[in-house]
Every structure is written in structure tokens, then in C-alpha cells.
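In what comes next, chain A is part of two complexes: it sits with chain B in the first one and with chain C in the second one.
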Partner chain A sequence: MIRTNKTQVGGGRTILASPTFFGRLFGDNGLQKYLFYLPAIFMVVFFLIPTLLTIVWSFFERTLFWMEPGFTFFSYINFFTSARFDNFLSSMFHSGISVIICFILGFPIAVFVRRHVPQVAQHRVILLFILPFMVSEIIRTFMLRPVLGRNGLVNTFLQKLGIISEPITSILFTPLGVIIGEVMSFLPFIVFAGFLAMEAVPKYIFEVCQDLGASRWRVFVDIIVPLAAPGIFAGGVFIFVNGLGVALIPNILGGPGAVNAGLIATQAISALDFPLAMAVSAIMMITLLGLLFVGHRLFNLTRILEPIA
Partner chain B sequence: MKTQFEFNRRVMLQAMGTIAATAAASGIPFSSAFAEGPLNIWTIGVAKVGAAPGTGGADWGDMESQAGIKIAYTAKSGSADQAILKMVVGDGNQLYDAITDNGGGMEDALASQGAIAKIDTSKIDNWGNLLDHYQSGGIGEGTIRHDGDVYGVPYISNADSLAYNGSEIGGTLDSWEALFDSQFRGRAAMQNDFGPTFTNTGIYLKESGKQDIENPSDMTEAEVAGVAQFLIDLKKQGHFRTFWDGFQNGVDILASEEVLVSSCWEPVQIVAARKSGKDIRYGTMKEGHQTWNNIWMLTNGGVERGRADDFYKLMNTYLSPWFGARTLLTFGFAPQMNGVLEYIEGASEFEAAAKETVAQRLANKNARYAVSGNSWQNVFPTNIRAYQDWWAKVQAA
Partner chain C sequence: MKNTTDIAVESIGLSKNYGTVTALKSVDLKIASGQYYVLLGPSGGGKTTLLRLIGGFLRPTNGQIYLHGHDVSNVPPNLRPTSMVFQSYALFPHMTVAGNVGYGLKLKKLPSAEIAEKVVAMLSLVGLSGFEDRLPHELSGGQQQRVQLARALVLESDVILLDEPLAALDAKLRKDMCFELKQIQEQVGITFVHVTHNQEEAMTIADRIAIIADGELIEEGTPQDIYREPVKRFTAGFIGENNIVDGKVTAVKGTQAKVDVGSTTIAANSRSKNLSVGDQVAVSIRSELCRILGENEKNVRNVQKIPATYVEEFFLGLTVSHLVRLKTGADMIVRESSDRAGTSEFSEGDDIYLAWELGDARLHTS
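And now, the complex of A and B:
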């Protein structure tokens, strides 16, 4: 609001004097008007323009060390007709499994915190799930190696209990290892998203269901999940996209040749095939946008932003 | 690419010109106007050694003292794309006076794009000390030259080989056959990089007579396909535990005994042996090895800023046995100069055990370098697209 100087003049009339300098500078017609454009400018500079450049460059011609302007589908044809597409599909499959496991493990935590932890403590409990993010992701992922490995804690423990005689080698350096790594790394996403989504489920609904004799399973499947679906979907998308894009997990925990889309792009850059790397990135973005479109049609994702009644 | 590169160079040269004009107007010689301050280098962490034998040095202080210059260091990875992006299309020439990267390709790439300067070898006193195979007609000649001119100063090299767990295996392995042998099914690893993995496999297939390959460093599409198919067949049988990527990863799989045989860099084997306490050895393969070197290059920006003299002082240190003996003891890299053994004999700071290690490693290296089937690393093979595509197939198999 503009701060103005009110002045009494003869006859008791009040007139509005000119606003102060700072009033004008930060007033409705001053900088304040433009401050609201900052997020839009930020998104244009750091998201829209790089995204458009990525798409444009993906159609460029590759040169020995860089690329030159042109229009060719070669990178896309190369991607879809080579083994890279198989790698991409398998990493989508593994990421999908990670999403399901994260939902099974993480969403009940969110429901539990929302229902059973006193309201004053809920946010503090949820904040505990941020703690793992304080540790470098490389270290977090690498620390799974001495746990899951041939001579790791899991195998040693099982051997000491006499459950197995030979170490299990199908945990590490396999797709299972990648899925375990993704679940460990991305579980908090579904907890956060689920916690927020549970705000859409009024507490009285649980009491009504209890009074009507509904089982916990029926309450979960018929009430909680449908109401919290937009938030669950958003959390799932976070995990899925990270599973596709974060290269270090298949790099550290995957078997021979384990790759995801992020690693495909990284390896293309290492081989100085920049248009291919751009095409892989563009395909990832299109995949993400497609997912968001489907999610919005199914669950109306704008409900996440609606105020709680 | 060209446009952006030229733009960057144009802007830089304009800026340089303005500053030079200012310097000239003020009566200050152009080069000395810039020659103050440290030599800005962009290199890998293992490019330095400490004065105390066997140490990498806490910082670049010991290298500075030895060369008599000041150094400002910026960390760099070993991947080719980073150097190309920074030096050809980025602002590398404005930031760095000297950089390192792989010889045998990168000097051609950067020189052809006008990013690096010719080296005046007469300004490096120890140039005559350089190993013979870098001289005209030698096997490493092309790894430091572009169009016949010297653009690189080699400072480390090696012949990559097979590391194996002697404690578990017993005996000595002297053939790549072991890496692909069914007795190590599920306990073998190779590097997650089509360059060294295809080249070493190609060397094995060629020398064992299993596949006709003209040049394992620069294979045709059909030859790459044959090498890749060989790896795919093995992979489908569950032969490889993993393809390792990154130094720590390579160390861990050997030290933790996830694998018993792994084609890897020698520093990986040295650290894995030290970390695990196991008898992890580095063999000499009778079929040959992928040989490589890493070279120092002087940027055009460095020349324009008048930093060439400091660069040559640093290169003199790199070509001295003082550096060669230390990098060999610390990291296992091959010295690029003659006279290392003579130097450590008279160097009181090297204890008897260190002298023995240096002599042993040097003998092992000489044995590896003497194998006729060796092939030099090729950073940009002619059919790089085939290499990429077939590597994707190996990964997907």
C-alpha cells in the first residue's frame, strides 16, 4: 500500500499529499507491481528457455566435438531403434516398481503421523524424514554396498543365523539393488506428499467410518486413497522421475550395464554426442509432461492446492 | 559450435586488446601486465605429488616450491566432454593458463579448434630427458603432436592391465583369457566405458586369434560389433558382476572381494591392495594392453596473458625424475623421463622399501610396455558412433 501524508487544511478538509519516495518506489504502481513477475521471469530463464533449447538442440546435427544447426530426427531414430530404448523401458519398469514399494512403505507412515501423532508434533515428526537428505546422496547410496554386498551385513547376518550357507549375490549389482537404492533415496518424497495429501481427508471421516463399522482396509481403499490421490500421484511422479534421471544409483548399485535415462544422457555427453543427450532429455521431459497430463485428467491435480475445508 | 567458439574468442581477444592498449599507453610491457599472479591450472587431483615420497601432498605447495612459481588449481574430471565443452565452446581460455587431458586425441581436438598453443620445447630444460618413444618416429610421437608440432607435455602414462586377487586365486595371471574364463563367472568386472573395455577386449580377441582386428585402437564397425557380441554373450551367461565406474567404485569391488579379476587402472589396484590387506596384483598380459598418457597443454589464453614462462618452469618439474619417482611411488603412474632409478639411488628421502617398490613397479611397467600387442588409447575413434551404439547393446543385453 502507498503510504500518504494526510493533511488538514482550512475548513477541516483532508487532502492526500504526494506519496513519499519509498512509497512510490514500492507502491502498487512501483516495483511491487513487478515483484510479482519475478517467479515468472525465473521460470522463463531457468526452465522454459533451457527446455526449449534442449528440444531445439536435439534436432541439430552432430559434429566431431559439438553440434551445428540443422533439422534431423537422427538422434530420436537412433534412440528408439537402438538398445538405448530397451534400457529406457527397463529403467521405467524399475522406477515403477520403486514407486509402488515407496507407496506401500511410505504412505502408511504419512497416514499414521496424520492420524495418531498429536497435531503440534506432526510437522516435527515429518521433518525427521529430511535428515537423510543432510547426507550426500553419493555417500548414502555407496553405504548400501557394505550392507548388501557378497560379504556385507545382510549376508553375514543370514549366514550366522544359519539361514543361508552361501552369500546371496542377487541383491547387489542387480536391478533389485537399484530398486532398493531408489526406495532408500526417494521414500521421503511419498511421506511428504502423502502427509500433505492427508490434509484433504477430514478427521471426522474416520470417526464416521468407525461408527458405521467399516474395516481399516475399506477405510484405506475407499476413503483415504481416493481423497489423497492427487498428493499420492504427485509423490509418485517425484520418485518415478528421479528413478529415471538420477544416474548414480544404477552406477553404484546396478549390475553390468545397468542404466537409466540419466545415465544414457551422461554417456552420450561423454561420447560428445550432444544432440543425442538432448534428445534423451527431451524424451524424459515429454514423459514427465505426459504423466502429469494423465494424472491431472485422472485426479485433478489442482486439488492439491485447494484450501482445506 | 564454430559461431559460439568464435564469439567467445572474439570477445576475449577484444578484451585482451583493450587491456593491452591500456598497458601500452601506461608504459607497462604487455606480457608483464599479465604475468603477475599464479599460473591458473585446470587438472586432475593426481597430477600433483608431495615432496615426501609416497604422498600426494596436502596442496600444490610442494609443486610450487619445486617449480619456483605460484599455482592456482581448479579440479577437473578425466572425461573428454568436460574439456571440450570448457575449452572449445566455453570460457576455458579465459580461466586457465594450462590444462591436462588425454594425449592421442585431445591435443588434436583442442589444437584444431585453436584452443591451445604450440609448445616451445627449447624452453624446457628437461625436454631432452623425455622418454625416447615420444621422439619423432616413436610409438608415442602422435600423442603429443598435432600436424607435426608439439602441443602436449606428457607427465604420466600407463599400460592398463588386469588386477587380480592373488590371495584367493593363487599363482600368476598373464593373459586376458583369465578375465573371460568361466572359473571367474560372476566374479569378473570391466570398466563402464566403451573405450578401454572395447580396446582391451579387442586386443585379446586379436592376439588370441579369435577375431580379425586390424587396429584395436580404431576398429571398423564390423570389428566393434564382433567385440561387443563377445561381451554380450559373456554377459548373458552372468559372467560380469558389474561394469565399474569411478575410482572408488573400482577400488571397492576388488577390496570387498565382490570380484576376483578386474580390468582397471593401476592406482585402483594399489589402493585396493592397501585397503583390503589382500594380495591384489597387477598382471602383465601377454596379448597386450591399452596404453595411454595424460598431457599438459598451454592454452592460448595463457600465452596471451604472458604465462608461458611459468608454464615452462612447471613442465620442467614434470619432466624431472623428482616428479617421476614420486608419481610412480604414490600412484603407480609411469614416469615420462629417463633417470628415475639413478635419481632415487641418490635421494636420501626415499627409504629402502620405497626404492624397492619404485624399482619393481618400473620393471613391471617396462615389461608391460614391451608387449607387442599394446594399443594406444584413442579418445576419438573414427567409428565412435558404432562404439556408442554397440556399448548400449552391451548394456542392454
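And now, the complex of A and C:
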């Protein structure tokens, strides 16, 4: 073993002394230096430029099949003065409810895994929450129809038990259906975010609390939530933004009154009103930036990325 | 130190197993009220387990714990009259110093004015007046431990438990904090039980020390007793710097025993132990009470001596250590004050005698 290592060290030196072709190509002064710019170039070409174009295009004039350069607030006026704005506001409200339900259901899972699952098994348990992603989101969402529908599992079950006599029709194709779909789709994210956020809660804290006589509830409210706040907020924003933007869920589970920003934009594109679709996207973006600004002011979000002192 | 017969902590037959691993084997311990009591021992010896059993963080496998005469063996930590100071800087990172110290009182639903008053008083006791609004990460390690102490003291518990509270501090700070802890303890007059593996720390701070190793209470006494008159061979090996020679009793005469240590036979006081010929014993002598006799001094009277070979000398600042090797191959240390030491008169390989006064040797049967 030791001999092999020595040879390797010697080999490394040889490369330095007389650079080979690959040494020159990928060495410190070769392509390697530019390799790091690759993701940056990717992000500029495929993210930054389209994002800026979205804002620019949202002020363009609509034509029959595309749009033409100009500067008009028509799309924004169209958005804010129609039912779309009401739909946008109610989808924000419903996303907010999804976030809260995800937190209530998902965060305790993260706390439990951190506290009561042995260290070696923690990551494996968390990985289980990736399993749902192995099924296409369309299928997963669509599978809720036979569950929540008029003659679905829930209604049949409740009727068989005699709890209800008529099937409940207010689950599917309503905001409630969309919220259930969002919670199902996004719950893993709060588990992941919460699990990472719990890193900010040192283990010794629980013994201190035990010694001082803090109840589980007090430990949760006074210690865990404030310490994990940045991570919880980050997970919450992620769910909120997806609730607002993923058109799929309201498309499959929502009805006329359960439309989100993503679906509004999709519908605008279907109607060939591209400037309106761009305006909706721009408004979503600004909403998100506003949220992040507030969150950063409240919780200093950079703390998520800091190692625990 | 208060001289009282009131017992603050008492354990009877206390033991703790983790599955098949025994962390603590039947410990009987009594800690008088108002004492600074140190549990000293090597890592993994069971001293932290004992402290955690006293604090209620662990349930005993067998035996009972009494705090001021009440059996608390199955009482949870918050209902015991004990408060813990943890090894790591176990403060709530998002709370200010005042918030940390007052949190226990807040849980007890004291009015906030009263909490503020007590917090201020307690912070002044631990020397942190004016630090109320600092956050833990703005404090040094020593200051963080003082906040922990204040958080424990403010609850007015009868017993403060300290789990290696100074282990994370550097040597100089540890020494200062030792004195400070002792002063605070004397001022408040309540019982402190302090776990450490650092014997200097234990010597500095303790009214009494219990040596704990291999899950057993080896020996207990004042620092002076443990240093000067250790009963057990383990204690002699663990505390201070002792030369220990093993041997077999060849004769017992009055209070004196003759011990065959291989190359020669030495005499030692039997220390009122019942010895009989053939017993395996050990004799320990503190290194600073040993001296080296040259070949020409072998007729010096009234000393015990073992023939040995001089190896080398080490300069340690305050003291100089001379390493000598017995004929059995065992290395022994002779330590003298470096002011007294001239250049060594011996050189490597010289035949010399390791010598000491009869009364300085301690005989151990276990």
C-alpha cells in the first residue's frame, strides 16, 4: 500500500515537471480554470436572460399569434382588473394554507427523525420521503381523483360507515381538492427543510430543557421553532411558490374557483396572449422577491448556510 | 467549608447497566451538605454516569439515590432539587444572557419583574453584570460557562451538578475558573458536585474527592488525604506522581512489614492492615520524596533503598525529574525542585540507589 502511494506521489510530480497533453488541458492553467464558469454561463443563458425577457415582454403589445415590441401596461391592467387578480389572491391564500398544513404535518416528522431515530439511520429515513418522486407528479395528482371524487374512496368509506348519507362533492374540483393535492405533493419538502433546519438545534438543548422542566410544547415553541425558523421559512417559501406556480395541481384537481397563478399563465398562453402570461410571471416573481426580503429581514436567511458554531 | 452532618446526596448500591455493559457497579456515596465535592477519574470510568444518575437524566438499574433524605431514584430531573451545568457551552443560542438565566424562572411562571431582579443579582454573583443583552456567541468560553452556572444557581436548587464544566477551556482560564467556582460555591454555600478527569482541577477546587474508575468508587477523602495517604494502589497511580513497586510480604514485625520487591527487600509500615507472609502488596512513594544515592553513599542509615541504574534527567521548569531504572526493569522518577538541582552528578548507566525515608512509603494491599 505504502509503496503504491509513493509511486502515485512520484507520478504527480512527474506531471508537474513535464506536463502531458491532459495535464496541460485540464491543469490549473488549462480548461479547469474555465470549467467553473460553465454553470454561471448556463444560468445566464437559460435563467437570467429569459427572466429579464419575461419582464420586457410583459410590456409588449399583443398581436394575433405572437407579440410586437412596444411599451404598454395593457397586460397588467388586464390582470388586475379581471377575475384573474381575485383568483391570484385566493390562490395565494390557498397556498398559505397548504404551507401551514405541510408545516403541521411535516415538521414534527423532521423533529422526530432528528431526535429519536439513531444517527446512522436518520438519512435513510429522510430518503424514504424521496420515494413519492419516483412516480410522475401527473400520475400522483391524478390518483387523487378516484380517492376524492363523488364515488371515490373517501366518500364510499364514509358512506359505508354511515357517517354521511350523501357523497361529499365539495372535495374534488374545489380549492379544498387543490390544497389536498398540494400538501400531498409538497409535504416532503418541509420534511427535508425541517430536517436540515434541525441541524441548528443542538442536541444538548433537550437535556437543558429537561433539567429546567420545560414541557414538550414549551421546548417546541421557545427553542425549536426560533432556532429552526430560517430553514422552516425557506421550506415554507418553496411550498408557497410551488402552490402559486405549479399549474398541474389546480388543472387536475381544481375547478373554476380554484386557479393559481401558474394556471392563469398557462391559460393565457393557450389563448395566445403571451404578454399577459409574461405579466403574470413577472408578478409572481416580484411577490417571491418580496417574500424573501421580508423573510431575510425577519430570520436572516443566510443562517441556513452557516455551519453550527 | 461548612462542618455539617447533613447529607445532601446519598447513593446506596447504585448501579447502571447499558445492556450488557456495566457503567457503574454498586456505588455507595455520601456527600455532606455545603461541600464542594469532586468526582475524579479516568474517562469512561463511570463518573459522568454517576452524576447523571444524581441529576435524574438516567434511571438506575439498581440501588437508590437520596437527596436530603428523600428517595428520588425515579423522580425526573426537573422535579429534583438539582441543577446541571453541562460540559459543552449548553446555552440557548438565540436567547440573550438574561433570557438564558431567566428561562427556568419563566417556566416556573414567576412575574417578570421578579425574574429580572433575580437575573441581575445572579449575573453579578458570577461576575457578568452588564452582559444581560449579549448573545451566547458574543461571549468567551469561560463567560458562557458562568452564564450556565448562573442559570443553574438562579433556580435555588440544593445541589448543583457540574459535568466537566471546564473541560473545553484552555489551561490558564481553567485555573482561574477553578478559583472562581470555589469562591462562588463558598459564597452561596450550597452543595456542588463536580465531575472532572483533571486531577489538578480536582485538587484546586474540592473539599472532598471521590476517585471513580471502572464503574467503582475506589476511594474518597480530602485532597490532602488522597494525595498524601492514598489507601488504594490505583489512587497512588492516578494522583500525583508516585513510584510504585510490587512485591510479596516476607515478614511482619509489629507495624512493619518486609517486602521482597525482586532485587532487594524493603521495609514499610503496614498501616494497620492485617498482613501475613506471602501477601501480594504494593509500596508507593511520591516522586518528590525520593532521592538518589550514589554508590559511595550506600551506607547512609535510616533510609529504604533499592539498587537501580541512572538513565537521564528532564528539566520541567519548576522541577527536575531524574529517570532511574530498577533491576526489574521498572522506571522510577525522582523529582526535585529545579532551584535545588545543580548539574546532575550522575550520568547514564551509573549504579545508584533509589532511596526514601521509611515513613514516606505507603503500603497497598489492593
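Everything that follows uses one rule, which is that the second predicted complex is superposed on the first by the 279 of 309 C-alpha atoms of A that agree within 3 Å, B and C clash if a C-alpha of one lies under 4 Å from a C-alpha of the other, contacts with A are read in each partner's own complex, and residues count from 1 in each chain.
In the analysis below, a residue touches a chain if its C-beta (ideal position, glycine included) is under 8 Å from a C-beta of that chain, and two chains touch if they have at least 3 such contacts.
Since the structure is predicted, the reported quantities are computational estimates derived from the model, not experimental observations.
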Just from the overlay, do chain B and chain C fit on chain A, or is there a clash?
-> fit
Using the superposition on chain A described above, determine whether A:Asn251 touches chain B (first), chain C (second), both, or neither.
-> first
Among the partners chain B and chain C, which is in contact with a greater number of residues of chain A?
-> B
Using the superposition on chain A described above, determine whether A:Tyr204 touches chain B (first), chain C (second), both, or neither.
-> second
If you stack the two complexes on chain A, which partner ends up touching A:Thr63: first (chain B), second (chain C), both, or neither?
-> first
Is A:Pro132 touching the first partner chain B, the second partner chain C, both, or neither of them?
-> neither
Which holds for A:Ala271: it touches chain B only (first), chain C only (second), both, or neither?
-> first
Hey, in the superposed model, what angle do you get at chain A between chain B and chain C, Cα centres, nearest 10 degrees?
-> 160
Quick one: classify A:Gly290 as touching chain B (first), chain C (second), both or neither.
-> neither
Of the two partner chains, chain B (first) and chain C (second), which one does A:Arg150 touch, if any: first, second, both, or neither?
-> first
With chain A overlaid, the minimum CA to CA distance between chain B and chain C in angstrom is 45
Complex interface listing, chain C residues touching chain A | 55, 57, 76-79, 82-84, 86, 88, 90, 92-94, 103-104, 107-108, 137, 151, 155
Touching residues on chain A, where the partner in the complex is chain B = 63-68, 78, 82-84, 86-87, 90, 142, 145-146, 149-152, 169, 172-173, 251-252, 254-259, 264, 267-273
Of all residues in chain B, which touch chain A in the complex?
-> 1-2, 79-81, 84, 88-89, 109, 113, 186, 189-190, 192-194, 235, 240-243, 245-246, 248-249, 252, 256-258, 380, 384-385, 387-389, 391-397
Please give the residue numbers of chain A that touch chain C in the complex, ascending.
-> 202, 204-205, 207-208, 210-214, 218, 222-223, 226-227, 309
